[in-house]
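Sharing a structure below in structure tokens format, with a few things to ask.
All chains are identified by letter, namely A, B, C and D, in their written order; residue positions are counted from 1 within each chain.
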Amino acid sequence: MSTFGQYFRVTTYGESHCRSVGCIVDGCPPGMILTEDDIQPQMTRRRPGQSALTTPRNEKDRVEIQSGTEFGITLGTPIGMVVRNEDQRPKDYGGSTMDLYPRPSHADFTYLEKYGVKASSGGGRSSARETIGRVAAGAIAEKYLNLSHGIEIVAFVSSVGEQQLFPPTTTYPNPTSNPEFLELLKTIDRKTVDSFVPIRCPNTEAAEKMTKVIEHFRDRQDSIGGTVTCVIRNVPVGLGEPCFDKLEAKLAHAMLSIPATKGFEIGSGFQGCEIAGSTHNDPFVVATVQGENGSKQRLTTKTNNSGGIQGGISNGADIYFRVAFKPPATIGQAQTTASYDFEEGVLEAKGRHDPCVVPRAVPIVEAMSALVVIDALMAQNARETAKNLLPPLPQTIPTRPTGSKPPAQASEAQ
Amino acid sequence: MSTFGQYFRVTTYGESHCRSVGCIVDGCPPGMILTEDDIQPQMTRRRPGQSALTTPRNEKDRVEIQSGTEFGITLGTPIGMVVRNEDQRPKDYGGSTMDLYPRPSHADFTYLEKYGVKASSGGGRSSARETIGRVAAGAIAEKYLNLSHGIEIVAFVSSVGEQQLFPPTTTYPNPTSNPEFLELLKTIDRKTVDSFVPIRCPNTEAAEKMTKVIEHFRDRQDSIGGTVTCVIRNVPVGLGEPCFDKLEAKLAHAMLSIPATKGFEIGSGFQGCEIAGSTHNDPFVVATVQGENGSKQRLTTKTNNSGGIQGGISNGADIYFRVAFKPPATIGQAQTTASYDFEEGVLEAKGRHDPCVVPRAVPIVEAMSALVVIDALMAQNARETAKNLLPPLPQTIPTRPTGSKPPAQASEAQ
Amino acid sequence: MSTFGQYFRVTTYGESHCRSVGCIVDGCPPGMILTEDDIQPQMTRRRPGQSALTTPRNEKDRVEIQSGTEFGITLGTPIGMVVRNEDQRPKDYGGSTMDLYPRPSHADFTYLEKYGVKASSGGGRSSARETIGRVAAGAIAEKYLNLSHGIEIVAFVSSVGEQQLFPPTTTYPNPTSNPEFLELLKTIDRKTVDSFVPIRCPNTEAAEKMTKVIEHFRDRQDSIGGTVTCVIRNVPVGLGEPCFDKLEAKLAHAMLSIPATKGFEIGSGFQGCEIAGSTHNDPFVVATVQGENGSKQRLTTKTNNSGGIQGGISNGADIYFRVAFKPPATIGQAQTTASYDFEEGVLEAKGRHDPCVVPRAVPIVEAMSALVVIDALMAQNARETAKNLLPPLPQTIPTRPTGSKPPAQASEAQ
Amino acid sequence: MSTFGQYFRVTTYGESHCRSVGCIVDGCPPGMILTEDDIQPQMTRRRPGQSALTTPRNEKDRVEIQSGTEFGITLGTPIGMVVRNEDQRPKDYGGSTMDLYPRPSHADFTYLEKYGVKASSGGGRSSARETIGRVAAGAIAEKYLNLSHGIEIVAFVSSVGEQQLFPPTTTYPNPTSNPEFLELLKTIDRKTVDSFVPIRCPNTEAAEKMTKVIEHFRDRQDSIGGTVTCVIRNVPVGLGEPCFDKLEAKLAHAMLSIPATKGFEIGSGFQGCEIAGSTHNDPFVVATVQGENGSKQRLTTKTNNSGGIQGGISNGADIYFRVAFKPPATIGQAQTTASYDFEEGVLEAKGRHDPCVVPRAVPIVEAMSALVVIDALMAQNARETAKNLLPPLPQTIPTRPTGSKPPAQASEAQ
């Protein structure tokens, strides 16, 4: 299905060589200021040719809002968005130019098997151009999240090949417990990330090393993978729908739907499996926050191995997770493989292609994050509104003798 | 939302201390033989008290089919299933017995914040009893998958703490390229896995080490995490819906919806990010398969770093993935934390609880896998049926000069 | 699909002769007082044997809440509900007792063709017992609607055969313009409707005539149809989702999903097609309403041919509509028809059956109405909440010179 | 929600004065020949200015396929479609040109209340331009239905004001039992319907009378309603999903989602409520049909009061229904009403508008019918495919002594 979300619904269309790619955003709240200027920056960050990022005249991948706004204000009706494909000519329909070989580890073979027909050139629907609609929709979601709740979403490259932004140390074998890492999560912004273009790893030394890794593989007409880490700040407590639609389940779904991804981990992740519960648990502490009516107390956690989500529901702490991207499948090196006609042979893919996708994946990870969070937010806001319209219960939560000695808590395996 | 799937739809209900837990399965194909005997074995594997597995009289967690079958045959109508909660009495509604402390890293706090009310004892909806409905539904899905396509789903414990079933070696730094691992995927079955109860790691030596790890943490009233690896064999080519509902995206969604999960990786996973594309790519080779009308050729892959999925679509190879489970949050050790009333204090959780969840997670991982695969299968079968009812195209795929020299393939970053 | 609703989702299960029938309600707001006593009255109104309505000991069709509440308060989690089938024994699986004939105009034939298998006795899933889950879920929805917004839903029998509650008169050829009808809509309540049991037509004279019509057909072992009219009062302005999910479209969907229905009309309905636009249009008038902060003005309509919905969205006026029910298909009279084995023959259906379904359809129409309205309400509340969290626009609606001469309005066919 | 369908999903966007209107069709089967030429004819039939129907140079409402096809063949991926809005300039944002009055019985008031903002001119999203996307999507669905199953969908005007195509007669008080009506259903095609442009009522005498009715109201700057009848032929047995998604429920939903509709009735409809069950029931008869493997017998019905659907499932007979359209709300006559500012006044709407919408509604009714049928067809084909992949049951339907005396059938009210 080409639709994502229940409340803020995004439906995309488009192949690599058709007239245009785009999407319809259904469910955007009415009354929000919105123009193409809110959307274009993320489109440009996603675009091929990142070094041209600052060139103002580059008109490629221009998004056009078709509907759903008037005088730059959202109407609450579906927002259609279109991005022209500049070179929309598919290959001539003839044997000599048709691909004989499905690219290894690419979608050529599985698409043809699935549909029985296949776009004749480029990746068709499996092309990275498919992500344009996601990024456009994500930019709208982000604007709402930021305006309404101050939510901030920032992704950055955390590894390329074996080169890590935070390699394990003796003191911090799991980087997610490294105070430097946690501090970075609190402060990193997109401007800083983009100052490290084309790598988008916010550390000079690491970025340089990663650049060399990519150059190494590029020069051999080979490719290499990497990881992107993303943080979402200022998320209200209570987002995420048990049981199947836990917040981390939706994030995992969203991330693994991005082309070339191989893994997802939240908070302490895979390495968290190797830590004792007594260390891994995030104890509660009391925080004082300033609200509209003076300061008040609320619970927060001392550590954040949970990655901001407990029991599938956001707990108010920073949400952070990591996504694995494999080395791109299309490489210039000769590969011994087999043709659609069951002939063994050698494929050499010509043309320009990314030797590593993670720098350009950054805005896509942010966009999909925004789509997950806005949907969970609208679901929870709907629930709270529905609840608040009920008459108050005589006694919702039983009175507890404040400060009394806490009883031991009994639980049992279920 | 408590519903999973579009074609084979499972809706669950139930808390830890209500009358019953259960589910409705809507969309099960009609005409399949089905009784409680098909479902109970997986229920029993999930149940607490695994050492009692062989006790025939244990009546706990008995599933009862309410509807949707007659004379042991599915009618195609919704299948209601109910499992009684034996001790359904919630705590008395009084201060002295109410919990004062939200358990660190448990769902107590986030549930209360989300809903404004909370089940007074046990985990409520966040209890592992919620997974009963999933396992019951998954057992039905599995039966269909096996009867109709010979699909086999087997999960097993692949690590507990730092103890791995396949630790990295010099030759095979990534276990997924270890031939022993790949061989195990081809042959492992549930009977073998269960012969290693209570650990469910199919290797005597590793299982013993894991047992000691768990005992170590149990004796300290602590807990430890681990990973479960799952393989799905005989999946037809073509399952998975681009772009948002790629097969690995749905699997990731399903796995991260299981309580206590922290990560998901498919095929080469996170370690695959560190390998060159030229090594990581799975070249195609020609295989000869026996069909109803004699032998025929088809493409398969020489290696399987893809984990059986390319471009979001199954390619016919074994699908395998790994799921990370954190150490259980409920531990007997004293934990310094804060109360609902913003008082700092010490929580000691009494009662029996699992020091490590992975052995019991095995049937849950299998169940969720089955729910993902049956949905993708039914979607693809619907598409193929729809396509096959169309008149044949004059010339779907252009003729290619078989055996001619393959042209170099051009591609471009999109 | 056996699920209804997007926000307040009801999934039902059950055949006429399985263990139980029931449903899961997912999305009910947390913090509402709810016990079986809130649900049972509508179950009892739906039940066969209406004359036993007042018998307190009748234990038939008792609903049991399985989950989702504690101490009589909703938790916000799925509410499972079960009603036992008292006689759950399907027919013996043998030729002599199997039905040879599909009942004319019943679902026997189409069910068998659709699924390839069929419940051996009763109507299976097409039995009216399927509506039990709807009525139980509807009762919960109604309680919420009433507590939160004072919404009232009342249905009554408006015709049996040719006998109308409001026959056309010279002055009021269309009953919906009859002031008596409109007055009845404002005042009718369920208690009054039930005082006319077993007919549920709130007019002594009409009820007597209808009773005679039903007796006439019953005595001939024949059956007769009728219509049910329903009014929904105090619905807020703004419910209903353009374009596909207009409020009247969802109501029509809901009503035509009730067994034996043949038609739906809202407001002036079919007869409204025969009236001039200048008469049919509902002009706006200014009403003064008492709110929490003193009186304020709002627009309402002078007439209500729209039936409370304009452009698919509720306008604050009473919503009313009419539903057509055909004569029950199962009749005692001999019918010449054909068997499953393509043999012509005569079918005489024995047993007790309703000669007219409209009296018992009343609570089902109410239940489905409630399910439609609560879903639209939750969608709109979610939208409003989302909008209200945005910063105010500099100038949402342009200033208009109040009291100035209105300009002529230009429009064009689109 | 702006999406319709589960399997063949249509999502639309667009207001009356934005850049373009259009839709995305997701789920169209791959491998079907499809170009704009398959879609444009229905677009043109829907367009304003029907008398220009034959003018080949009229370029208005030209649809452009954006994606999802290559070389005129569907790829199975989402099909984006765009239709430019020729005059996309919204009104200047200033008081003097803003509407002061919400049009009576139009969506102006409810849209503003619902969203808090409103398109400044035309109907915005409530404009009939919104139906362009439906008609484009419906044309694709129709092509598939026709190619794969020979399904034919034809709608026509059956009344304008009080002028009926088949007025009640003494012999046939209900037109649906009139043999002429039933014969018309079997034979009518679009070419014939269009030969009666601009009325689209396929009877010379009735069309002339209807023309006079419309002229009468047009000349008074008034408007009038009417009905459209639609027949769907060659629908396979078994379409429609009990219980909530009965085929007639989905049709009712689809029809009431069309702007200006007030009612829906299937088969005998509202008048069928007044007929005895013994007359209303459609007895089964044996028909002999020619299949690929010679002739075979199947059950069909002697009469068709059911309108081709029994128990929510198609029975193979012609499906027919009738839809009520109210008189258009926008009229030139002066109307006393109230302004947004709570001032009473007189509204005179200038501009060109349709005095009666039914002739142009014909292709919209057909489009929505196609969307309902294709969705039900794909759901049922998916089910049948799933079922057929199961091993055969030992004995699905018990043996019955063919030709033996049928036993009386017992049933009971449920």
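Operating definition for what follows: a contact is a pair of C-beta atoms (placed from the backbone, for glycine too) under 8 Å apart; a residue touches a chain by one contact, two chains touch by 3 or more.
Since this is a predicted model, take the numbers as computed values, not measurements.
A.B. asks: Just to be sure I understand the contacts, which chains border both chain B and chain A?
C.D. replies: Touching chain A and chain B alike, sorted by label: C, D.
A.B. asks: Between A-C and B-C, name the chain pair that shares the greater number of C-beta pairs in contact.
C.D. replies: Between the two chain pairs, B-C has more contacting C-beta pairs.
A.B. asks: Which integer distance in Å separates the CA centroid of chain A from that of chain C?
C.D. replies: Computed from C-alpha means, the inter-chain centre distance equals 43 Å.
A.B. asks: Just the number, please: Cα centre separation of chain C and chain D in whole Å.
C.D. replies: The computed centroid separation for chain C versus chain D comes out at 23 Å.
A.B. asks: Could you put a whole-Å number on the gap between the CA centroids of chain B and chain C?
C.D. replies: The answer is 40 Å.
A.B. asks: Using the touch rule from the top of the page, what residues of chain C touch 2 or more other chains?
C.D. replies: 1-3, 6, 12, 30-31, 73, 76-77, 93, 114-118, 125, 242, 383, 387, 393, 396 - these are the residues of chain C that touch more than one other chain.
A.B. asks: Which of the residues in chain C end up touching chain B in this complex?
C.D. replies: 1-3, 9, 11-15, 17-24, 26-27, 30-31, 64-71, 73-80, 82, 90, 93, 114-120, 124-125
A.B. asks: Going by the contact rule set out above, which residues of chain C touch chain A in the complex?
C.D. replies: Residues 6-7, 29-33, 73, 76-77, 144, 147-149, 242, 378-379, 381-387, 389-391, 393, 396.
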